[in-house]
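Okay, so subunit A shows up in both of these, paired with subunit B first and subunit C after.
Entry: the complex of A and B
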């Protein structure tokens, strides 16, 4: 990855950016790195263990990162969609970031294991990837690797849920959401959750009960997922961040599929493409309305 | 809350349906149904909003938490919105909400979306009666209720 390190060093040396957000080796695989000194740039690495979506750190409410100054960020093609989303929604200025995009051949579901990429070990988010070759970038690195194997676990699980009766689905989610401790890690890890004040924290009126009760957990996830409709980039950081291993990726993917089916929209890495909620077509499907 | 439980245990349960309606079409349509003396199930509580696009999905969730067994969301037909485009935007949000609620296990018949214009008193009567009948068939929706809070 010397090209990435050289570029990072150069950007820091000539003062184009004051921090490069990337990945470095850590005690358990890789971890995010915030490189502010040019001589530290050779710490940067990129491989199949680099799962985390670093676009989250561009979130302006993350003051500790923001105060470091203008940032360059290492992204995969899928992460670039989150950067595009934040530009689209005026959270960051395209001219105020440098995007270091990596061609990617898939990442691991459990990066701490550092296994070979197979249909079992590859991340479920890589199934059906169309973003191996990033389109939103200032600098592009690496050769285009072959397509990753397909881990169809999540797609099969969604199909299985759709075959169930409503009562079975209700019980499935009641069971899964009963573990929720309302730590809101799903929100904190999400690059697209950047409201200054979250509805979940409003108390006048209190829309969502902050305690961890079945109805409140359900209301919280329903609201969170609905707010992500047409904005979610399916990076699965919510699911990865969840300490209770609730399969939040199922909800994210289901809504993304519904958005695609109804509005012919897929999360885009082009900031000029309008997100589907907030625009409309007069001939939108309304078969569900009487 | 205790009321709801008692009602269920002594088998006198009747469905509670909350209707979120737009001020310009459906509310006026419901008013017409009333002044026309159309016979309707008395289970619907109407909440008037400026526009169907004012319906936040949280309203629906909150209604269920507070003891509703069914919800009606209704506004002007597309193209007739008092604010020109409100219901077009609402329609997109409702579509996703409709799909997500089902994926999370809420029966489709618990939430009815309908366009009812100011002149469609008959349609309002139909929507109310059919929704109530379907919700009655499904039974109480206690599993979504906030066990500590108030009721409708």
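Entry: the complex of A and C
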């Protein structure tokens, strides 16, 4: 980690950035760190417990972070997709951030976990990882580790959803979303939810009832996942935040797979690649509205 | 306080008899989606209950203040508006295996629910409930009940407190309601059983106490006079403002009231959980937000729990259950933060507000 710490120290020392957003040891495993003094840079760590997607803190809604000034951020290859997403959608200026990217061989499911990486302990988001070697960075750290073990839980959940009839799928999601208490923690923890005023908060007209009722829960989560189509980076911050333990990442992943099939697009770590939600093409299939 | 001994068999019979009498029975059970986790749930038979494994994911709050509940139905007619209120009398329910921290939370929230207005729905459910808490044996490094004046053996809010001993439980009968529940069950506890129970309670306390020293009474005063302390600028940097902490908190009780139309002339008034951690909570109609960033919102969370509520009601609005830390996706850890604030308050007792 000394290379990361050295770079962070140098960036703070020469005034390139005012804060380095990274990982440090906390009371419950690894926690996000906001290093503003060069002599604190040796707190920075990176290991398999670094589950959190720190790109979330670049989201302009994190005003308490934005007020610290220009930031460097530690990202894994997967997290870099969120940085790219925010650059693509003009939420952050590429020239106003420094990306400290880590080669990564997988993370655990929880930052407080303490275990070897196995098919049971590894995060479901690491299955099929294509981003061990980050492509979007200013500084790149670490040796390329071997591929992580595969936790097939999410893949099996997707396969099970695909085997269901539409009615069965409807019932499955109605049941899961019945637990939603409309706290909107999913939205708040999401790097890609940055609307200044979410539709769920608009009351004139009240597009979505704020109470936790079956139809309103469905309306809220449907709206959110459709707005995330082709934008979600599958970091599972929503799922980690949900106090009701709803598999929100599964919903988003199911939609992301549909976007990939129809538009040959996966959330990209290249900010110059346009996402389907922001593109108009005359050769679009549009078969669904015929 | 009187004591009884209940064998496992007698507890099982008691629960079976309650269920046969159609009483709602709530107990900790293994979560459907994750068998390692525990949820409080309505049970249909005694065998579903799983006692003493770990702290349930959510507190008991939702059985008294549901995340969403209907307050009234309304209908517009030519003559005016017809209002139909919901019944405030709740069906009887008995909670077994309640964690002392969760029960203490209910007793703490009673104060605000009976403040400027007595909340009929809250007290309707409180009065219909008998609560049997169990000595906590599920504490971990994030628990700090002893630091906020409670403990794994706390009886605050409980009708009966069970302490496991060989072959069953020693039951402390705390209220007449608790005595009535066990009237036909159990036998006199022996001196040896009482001694064992007391030793277990002391042991349990000793497991939690090292986690965090007692939060001093001075902290509330320090908080009140240090509203603009520089620590608030940095204390919540990692907080996303998602409010998951408030959802799982046994004492967070804020709610929002909304009218929702169900047809052109009919609708429902509901109240829903709300949280001071979201920006909408304090957003004015003008667009101004007095708590513009998470720094101010998290300060509010701490101020309300450890200064405002204690100064108004004499009790800290926190039971030390640690759920907020466990659920936080950003790694905010309340015992760590409290430790830091207590240090600040003791380092500079002379600092005054601006």
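As a working rule, the second predicted complex is superposed on the first by the 279 of 290 C-alpha atoms of A that agree within 3 Å, B and C clash if a C-alpha of one lies under 4 Å from a C-alpha of the other, contacts with A are read in each partner's own complex, and residues count from 1 in each chain.
As a convention for this text, a residue touches a chain if its C-beta (ideal position, glycine included) is under 8 Å from a C-beta of that chain, and two chains touch if they have at least 3 such contacts.
Treat the numbers as computed from the prediction; the structure is a model and nothing was measured.
Applying the stated contact rule after C-alpha superposition, one finds that A:6 touches neither subunit B nor subunit C. When the two structures are aligned on the shared chain, A:226 is found in touch with subunit B, with no touch to subunit C. Contacts of A:138 after superposition: neither subunit B nor subunit C is touched.
After overlaying the two complexes on the shared chain, residue contacts for A:262 are found with subunit B alone; subunit C is out of touch.
Of the two partner chains placed by the overlay, neither subunit B nor subunit C lies in contact with A:114.
Contacts of A:169 after superposition on the shared chain: subunit B is touched, whereas subunit C is not. Contacts of A:89 after superposition: neither subunit B nor subunit C is touched. Contacts of A:47 after superposition on the shared chain: neither subunit B nor subunit C is touched.
Using the contact criterion defined above for the overlaid structures, shared-chain residue A:201 touches subunit C, although it does not reach subunit B. When both complexes are aligned on chain A by C-alpha atoms, subunit A residues 209, 213 touch subunit B in the first and subunit C in the second. Interface residues of subunit C, counted against subunit A in their complex, comprise 31, 33-34, 37, 57-58, 67-68, 141-142, 233-234, 236-244, 246-248, 256, 258, 260, 270, 272-273, 275, 278, 280, 292-295, 325-327, 329-331, 333, 335-336. Residues 161-162, 166-174, 199, 207-209, 213-216, 218-219, 222-223, 225-226, 229-230, 251, 254-255, 258-259, 262-263, 276-278, 280-282, 284-286, 288-290 of subunit A are the ones that touch subunit B when the two sit in their complex.
Of all residues in subunit A, only 26-32, 34, 52, 56-57, 62-65, 67-68, 111, 181-189, 201, 206, 209-213, 237, 240-245 touch subunit C in the complex they form.
Put simply, subunit B touches subunit A in their complex at residues 57-58, 61-62, 64-65, 78-79, 85, 88-89, 91-108, 112-115, 127, 143-149.
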